[in-house]
Structures are given as structure tokens and as C-alpha cells.
Amino acid sequence: MTRLTWFYRLASPPTSYATAGRLLPWFAVPAFLLLAVGLYGGLVLAPKDYQQGDAFRIIYVHAPSAWLSLLGYSVLGVSAGIGLIWRMKLAHALAAAVAPIGASFTFLCLVTGALWGRPMWGAYWAWDARLTSELILLFMYLGYLALRSSYDDLQRADRASAVLALVGLVNVPIIHFSVNWWNSLHQGSTVLRAGGPAMPAAMLIPLLESFAGFTLLFAAIACIRLQAEILNRERRPTWWMDSAIKGVPHD
Amino acid sequence: MAASLLEVRDLHLWRGSLHVLRGLSFEACAGDVLVLEGANGSGKTSLLRVLAGLLWPEAGEVRWEGQALDDDRAALGRRVSFLGHEQGLHADLTPAENAMFATQLRRRCAADEVREALAQVGMADTDRPTRALSAGQRRRVAMARVLLAKAPVWLLDEPWTHLDASGVRLCQDLIEAHAAHGGLVVLSAHYGVDFKSTRLRRLGLS
Amino acid sequence: MSTAVTSLPAVMALVFARECRLAFRRWSQLAQPVVFFLMVTTLFPLALSPEPALLRSIGPGVVWVAAVLASLLALESLFKTDWDDGTLEQWALSDQPLAMLLLAKVAAHWCLSGVPLALCAPVVGYALGLPMSALGTLMGALALGSAVLSLLGAVGAALTLGSRRGSVLLALMVLPLAMPVLIFGARATDLAMNGDAPDAGLWLLAAGLIAAISLVPLALGAAVRVSFE
Amino acid sequence: MSTAVTSLPAVMALVFARECRLAFRRWSQLAQPVVFFLMVTTLFPLALSPEPALLRSIGPGVVWVAAVLASLLALESLFKTDWDDGTLEQWALSDQPLAMLLLAKVAAHWCLSGVPLALCAPVVGYALGLPMSALGTLMGALALGSAVLSLLGAVGAALTLGSRRGSVLLALMVLPLAMPVLIFGARATDLAMNGDAPDAGLWLLAAGLIAAISLVPLALGAAVRVSFE
Amino acid sequence: MAASLLEVRDLHLWRGSLHVLRGLSFEACAGDVLVLEGANGSGKTSLLRVLAGLLWPEAGEVRWEGQALDDDRAALGRRVSFLGHEQGLHADLTPAENAMFATQLRRRCAADEVREALAQVGMADTDRPTRALSAGQRRRVAMARVLLAKAPVWLLDEPWTHLDASGVRLCQDLIEAHAAHGGLVVLSAHYGVDFKSTRLRRLGLS
């Protein structure tokens, strides 16, 4: 057990609260820079797509949010699992912090996709595989959030929703795979595919920048929400008053 | 005196934002009848549920025969018989069916034995479903379940709720006998714990 | 005070027998899922137009949607009574692993609701105009699928125990997880209807069932324990 | 000990407000029927096929079946908690007519589940490819229809409270009464979709609603009183 | 003495195949505290439920101020406040919300009044939902509900279940005061009915 002391120290509320605070600027500042550059490059500088015209520019929001919707659920599931198995409050706090962010990005992906679908396919919605699986992912987030909110007691909410998140985590790939088997008309992978990306650099580089930017933004929001969740869970919150005054946490 | 069967060290328990148990420590040996006393909301039920492994304390430890609670759940189950505020009886089953099932979860058991235990608590020949019993009759059946489990440790939360005077006396006798045979009884009660016994020990919660 | 401890299989059989006894005592609850299933499938011809060609083409899907919803409905109160009256607490305090007792309970529930559902599926399928050749597949796929659904739904039911519940909450948690079952099952039935081999779908359902049987009990046990706190 | 007695409308408003408070305590409960409805409609394309033409032709039926199921599922436990904890007993012992208090409870339930359902029906209808012109009718018909369904379903829920023999029988008798609602509703939507006037169906639904409001409370009161014995 | 407020004549009640009340007759006046006594299963709960109009006797009659039970249900509701084995509190509402709602069903009532009644039973500042209260705390809230109803007749089924010693004394005082102000209290209890009162009358059931 002694080898894990650093781990438990990190997991203690004062330390993790301070750590999240310290990490925040390291996420937030590059996030804004990358997003500024990436979105400018994508929305203004990049050339029009020869098929889709300006409509394609929505990809700079759409694709990163699709990625973050999945990343969010993975973080959610893994940290919920850690919290459940090792009875670690910090992990539960992280899961609780990440869930609404992931849900928002899922929603954003659906909205941008729908807006894109209108010019491309002539309808806001079609029952295509990836669309459907993204919609199901949103339902899974909503189920998780609804279960959390149906408990009064944070500790119980943590543990109950962690079970759901874990079951969900096992199911995400199965759902993805099954829905794909069912039907597909959505655009294939253009970035992550064998043989390298099929996209001119002027389009690709801003896309990569906005991927990185949105991911860092995700991390930055997660830090802020994590701090709030830690305070929420703390029964003796005197230490954070101290650290607010002295600027140093003590445990 | 034997080594302590149950050891509680510096137990801290929160329920929601309420710090209910604040550093509770005590021991109990085989043969003891430990009575938890305290006003409404002082944490008797909570403590019993911690001892039974149904609630997790935030800090401190509970050891049964030196073993921590989470080391071996099955051993805990073999050791403890629990009677909470709820009876643990299915409303659609008869007393005999209920008692039989609960007992068979733990050990083989013949119908005779069940009948005998039910007779002991005065519920011998009721073959209505439990929902058609009065409140006190249900409590009696639950007590029969505790008897039948033949566990060395009884955790009883206000065992005489709804019982009439003769029922209370009956339960007191059963508890006495269990302790005399080397069992440990931890119970909470607001009244009826003034019975003569050399084994009675009290633990005040506040 | 040493006593003959019962073995795990024996105890699981005991739980199973208890559920069956309870179910037969209240035949109402026994009949409910099947009746619901029959009703939902009758709703369709009424709500749509009763053209045989259209009905046939949507037949497998309708049967599957109805089956998914019927199992969900039946699961709502799976653990409720036993939780309210403290029985689950007693289970958790027996020396048998709680997860396995719960698994036995779910198995009984499946036998009492999933199996009847699968058994009456051919009738419904026939009424919707499915060809005879597809009815066997329909029945098999439904039997497998409803078992997976029971397991998934049980986790949901266990999770809502300690909370302010709503049946809708259960659906919200379980339906997304149930989608693969629906897809595989309906696809297998569809294939069989068109004379193709439905094996792939059936195998996938079977694989899903095995995975669920091995993973779900743990989740169930954890969920029920949380509800005691 | 004379005290100002509250009037019947005031007391009904009170019951209504209590239900809303219980629902609003958590946003999620409010959103749930809607999400559930969306989810059930998602089941259909998955189980059938995603072909737009097919989906459009069965669209009205799917929306209606999903709506019926959503109301039924939410109703199942409408009175359960209040019955278990003795609240319904207290209502029966107040000096207000029990039937009207129960009616207020059902009304709140409809506002919190039926109305959101009707409001989001156009979205679902759009996703299934219904033409814009039919969405208004769909919404109106669903609002009326779900009210009738809530009332009928409440009788079923009340009948199952005390687990009396025969309650299932009665519950099963309630469900067929839901069929006309479904038929009129789906037919009206279908007509609107094809550009015809859907008035007849809507009027029939409205008539059904009035009949239900005047008859159901009596049945509700009687059913709940029986459950106390 | 005033004319009798409650009159029971030759009451016969079966529960299932059990003949529970066999030709019971008694009267009670305003100012009485009528204690129902009897072993478990003797029919105390059943009798109280008959008086409240929740159960229908097979034969005999129950008259409140000369009116038969089924003549006017609303009048019965105005007259009687009932506390059964169940508390009648919604688990998701706070004590104040629960008490407020139950009272407003009967009469207009201000938040202050509710707060005062809750303070009287020692549950002043708990704004957790009722599900997060201990068993005795819930019973206290239920008692506050009875107080607030301001009904002339109280029907209380084992009112001190789960209450601690101070809670029992408190309830006894409340009952005394209610009777002294011209109310009628009919209660069942297995203990704690030895309090001094000139108004106490006992009715044995068997």
C-alpha cells in the first residue's frame, strides 16, 4: 500500500482541488489560442469545398464534438469504474464533472450535423447509422444524468450512476458496431483512416487545430467543474477556506 | 472472559450532510446483550446497519473476530442475523413459507423446525399470507426467522415494535437464552430493556 | 452452532422456486407481459392500415419493438417489493453471494415472462402475415433476446431502487442499452422471412447473452448494495 | 374548533401543485416522458428499416403507438407510492370528495407527461418524414388522446392497488378502451397527412375526453376505496 | 356529561375468514381518551379503520353524533384525524411540505402554523426529504400532521411506535390536552397508557 501513497495524496480533496486549479490555465490558455487559430483557419482561410461549398466548414465544430462525445463517455465510464472499485471520491467527482460536458458536445454534434444535413441530404434528419448511434449516445448521457439527479444523496448517486456508466461503457462499442451493421450512409472517415488523411492541408491543419483546441477546452471545463464537485462532496470544507486565504493547501 | 467478538474503533459515519456517529469505539464479547440507547435520530439504526455491513462508514473500523467487515462477506452472513425496521417478509407468502425460505438461504432446514419456531413466537397455525396479518403478528414471524437462522450474532432494531406485553416478554426471554448459550445480541430499544440480566450492557448514543 | 450450509446451486434453485410460487400465486402479474405484448401488436394493424403487404414488411420490427417494451414493463417492479419489505437486505446478509441470488431471480423472471412471450410470438407473427418459415427463427431470437433484455433491465430496476423513481427513468437507462438486441433480433427475423440464413444475428444474440450472464450479476449486486445505504 | 374549510377547486389546485412540485424537484423527471417518447420512436426505424418511404407511410401509426405506450408506462406506478405510504388513506379521510382529488392528480400527470409528449410530437413526426401540414393535427390529436389515455390508464392503475382478484381482469378491460383512441387519433393524422380534413377524428376524441372526465373519477374513487379494505 | 359523540352498536367484522369483532358495543363522549387494549391480532387496527370509514363492518352500526358512517363522508372527514401504522408522508417531500399539504386538504393554514406544530414535536428545522429521517422522526412528523388537522376526533393506532421516552411523554401530553379541550381520542397501544388522567377509559378486545 505504501507505494500508492502519492496516489491517495493526490486523491485527497485539498490536493486534488489545488491540482485542478493549477492545471486549469495550462488547459485554458492553449485551448483558446488553438481554437482562435483553428476556427479562423477553418472558417475564413480554408478554401471552399468543391462539392459542398461553404457548408463543409461546419466540420470544424462537428467533427471535434463527435470525438469529444465519445471521449467524454470513456472518461466518464473509466473514472466511474475506478470510483466504484476503489471507493475513490475523486474519481466519482470526475465522472460527475465530465458527464454534462460530454452530453453537451454530443448535443452539439447532433445539432451541427442536423444543420449540415439540410443542405447535403435535403433533410435535417435521416435514420443513418452514425446519426442514430450518436443519438443513442445522447440518450445514454441523459439516462446517466437522470439517474444521478434522482438521488438526494451525492454518495449514493455516485455509486449508483457509476454502475450504469460502467455497463454503458461496455455497451458503447457494441451499439456502435450493431448500428453500423444495420445501415450506413454517413460520410466515411476522412481523417483517421488507413493510408493517411484524404483532405488538402489547408483544410486539414485547421481541423487538427480545432480538434486539439476543443479537447483542451473540454479539459479546462472539466477542471472547473471538478473543483465544484470536490467542494460539493466535502463534509469538512474548512481546508478550502484556508487555502483560499493562504493560497497553500494542507492535508 | 473470551476475547472480544466485535470490535469497533473510532467509527465515523455521515448520513447526507449529518455527522451521525462521531468516533464511536466499543467492544462486545460472546454472551453479551448490548443495548443501544439514544433519542430518536441518534443513530441506532445507522450503527446496526454498519455492523451488518449494509452501510459504509467513512472512517474507523468494524472487526468481527478480528476480521475487517469487507474481508469476507460470506463469513459475515454466516455470523449475523439482522432484524431491521422492516420485517423482511414477503406479503404474498405465508409465515411458514417466509421463514422456511429465509432459513434455507443459510442452511438446510426441515418443515418441523419451522413449525416449532413459529409456535414458539405464537404464530403456529396461521396460513394466511403475511399481508393479512396484524402488525404485531408480522413482527413475531420476523422474530421466528431470526431464531431459525441459528446465527451466533443477532442484530435487532427495536425488536418489540408492535409487540404486545406477552410478545415483549417472549422476545426478552429468547434474547436472554441466546446470550446464555454464548450468542451476542446487539439491539436498539426505547423501552423494555429493564429485564434482569447479568449480561446486559448499555451503549448510549447521542 | 455449526449447521449444514446449503450449496450455491441449491440456493439459486430455492430463489427460483420462490419466484415461481409467487408468480403463480398472482397470476395477474404472470399474464401481464404477454397480454401487453399481444395488445401492442394489435395496436399496429389498427393504427396503420391493415394492408397485408405493408403489415408483412413491418412484421418483424413490430414484434420486436413490442417485445422490448413488454419486457421493460414487466421489469419495473422486479425488485421493488422485495426491496420495500427488507427481503433483499436479508439476501445480502445470507452467506451466499448476492449477485448469484439476483441472477436466479432474473432467470425466474425470464422464464415467467420472456419464455411465454417467445411462445406466443409465432401466433402474433402469423397474424401479421409472416411466412411460416420465419416463425421458428422469430421464436428462437425472441427467447434469446428477451433473456438479454431481462438482464439489462434488471440492472436498471436495481439502480432505481433507492432513488425517487419513475418508470420512465428505467426506460431511459435501459432502452439505449437494448438497441443492439433489437437490431440483431429484428435483422435475424427479417433475413429468415426473406429465406436467408439468420444465423449471424442469432449467434450475436447468443454471444450477447453469454456476455450479459457473466457481467450483469456483478453490476446487479453492486446496484442493490448501493440501494441499502 | 371551527376552521376555514378550503373549497373544492382550491384543494384540487393543491393536489395539482403537489404533483408538480414532486415532478419539478428534479428537471430530469420532467424531461423524461419526452425523452422516452423520442426513444421509443427511435426503436422503430431500428427495428424496421430506415427507408424514408416506408417510414413515412407508417409514421402516424408509429407516433401513436409510441404515445400510447409512453402514457401506459408512466401510469403504471401513478398511485403506488401514495398508496404504500398511506397518503391515499389520508385523502380519503379528508372532507373533500376522493374522486375529485384523484382527478386532479391524473390531470397533473397528464400536464406533466401528455402535454410535453404532444409538444414534441411534431419533432418526432418530422424525423419520421410526415409532411409539415400534418404536424398541427398530430399535436392536437395527441393532446386530446393522451388525456383520454391518462384517465383510462389511471383506472387500471387504481384497480391493481390492493391486488384484489379480478383486478387484472378489469385492467385488461380498460386497455381495449384505449383502442378507439388510437384508431381515431391515427386516422385523423393520416387524413391530415393526405391533405383531407381531420375534423371528424378530432371531434370524436374530444367527445371521448368529455365522457372520460365525467365517468372516470367515480370509477377511480371506488377503485381506490376498495383497495383500502 | 355530554351526549355520546361516538356510538358503536353490535359491530361484527370479518377479515377474510376470521371473525375479528364479535358484537362489539361501546360509546365515547367528547373529552374521553379511549384506549383499545388487546393482544396482537385482537382487532385494534381493524376497529380503528372501521371507525374511520376505511373498512366496512358486516353487521352493526357506527354513529358519529348520531349520524351513520355512510350518510356523509365529508362530515366524517372534517371530524376525524387518523394516524395508522403507516405515516401517510410522502418520502420525497420534506416534513414541512408534507404537513402543509395534509393540512391544506382540510383547511387554510399558514406556514407559521406548520412550523410551530413541527417545533412542538421536536422536528423544527429538518428540511431533508422524509425518506432521510429516522423511524421515530417520521412518526413525530405524522403526529404533527394530526395536530395540525384540528379535528375534534383523533384516531391513533399505536401512536408511540418508534418514539423515544421523551416522544412518548410528548404525545401523552398532547393527547391529554386535546381531551381537556373537549376532543375525543381513540387510541390503541401496548404500553405507555399508564399516564395519569381522569379521562382515560379502557376497552379490552380479545
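We call the chains A, B, C, D and E, going by the order they appear; numbering starts again at 1 in every chain.
The definition used in the following text is that contacts are C-beta pairs under 8 Å (C-beta built on N, C-alpha and C of every residue); 3 or more make two chains touch, one makes a residue touch a chain.
Source: prediction; values computed, not measured.
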Longest centre-to-centre distance from chain D, chain (CA-based): B
Furthest chain, CA centroid comparison against chain A: E
Centre-to-centre distance between chain D and chain C (centres being mean Cα positions), rounded to whole Å: 25
Distance between chain centroids, defined by C-alpha means - chain B, chain E (Å): 30
Centre distance in Å when chain D and chain E are each reduced to the mean of their C-alpha atoms: 36
Centroid distance [mean C-alpha coordinates] between chain D and chain B, Å: 45
Touching two or more other chains - residues of chain B: 15-16, 56, 85
Contacts with 2+ other chains: residues of chain A: 136, 139, 142, 146, 150, 152-153, 179, 182
Residues within chain D bordering two or more other chains: 25-26, 28-29, 32, 35, 39, 42, 46, 49, 84
List of chain C residues in touch with chain A within their complex: 152, 155-156, 159-160, 162-166, 169, 172-177, 179-180, 183-184, 187, 204, 208, 211, 215-216, 219, 222-223, 226-227, 229
Chain D to chain E touching residues, read off their complex: 1, 3-6, 11, 14-15, 18, 21-22, 25, 81-82, 84-87, 89-97, 101, 228-229
Chain B-touching residues of chain E, taken from the complex the two chains share: 15-16, 38-41, 45, 85, 122, 128, 132-137, 139-140, 158, 161-168, 190-192
Residue numbers on chain B that touch chain C, as the complex places them: 49, 52-56, 73-78, 80-82, 84-93, 97, 101-102, 104-108, 129, 145, 150-152
List of chain E residues in touch with chain A within their complex: 128-129, 131-132
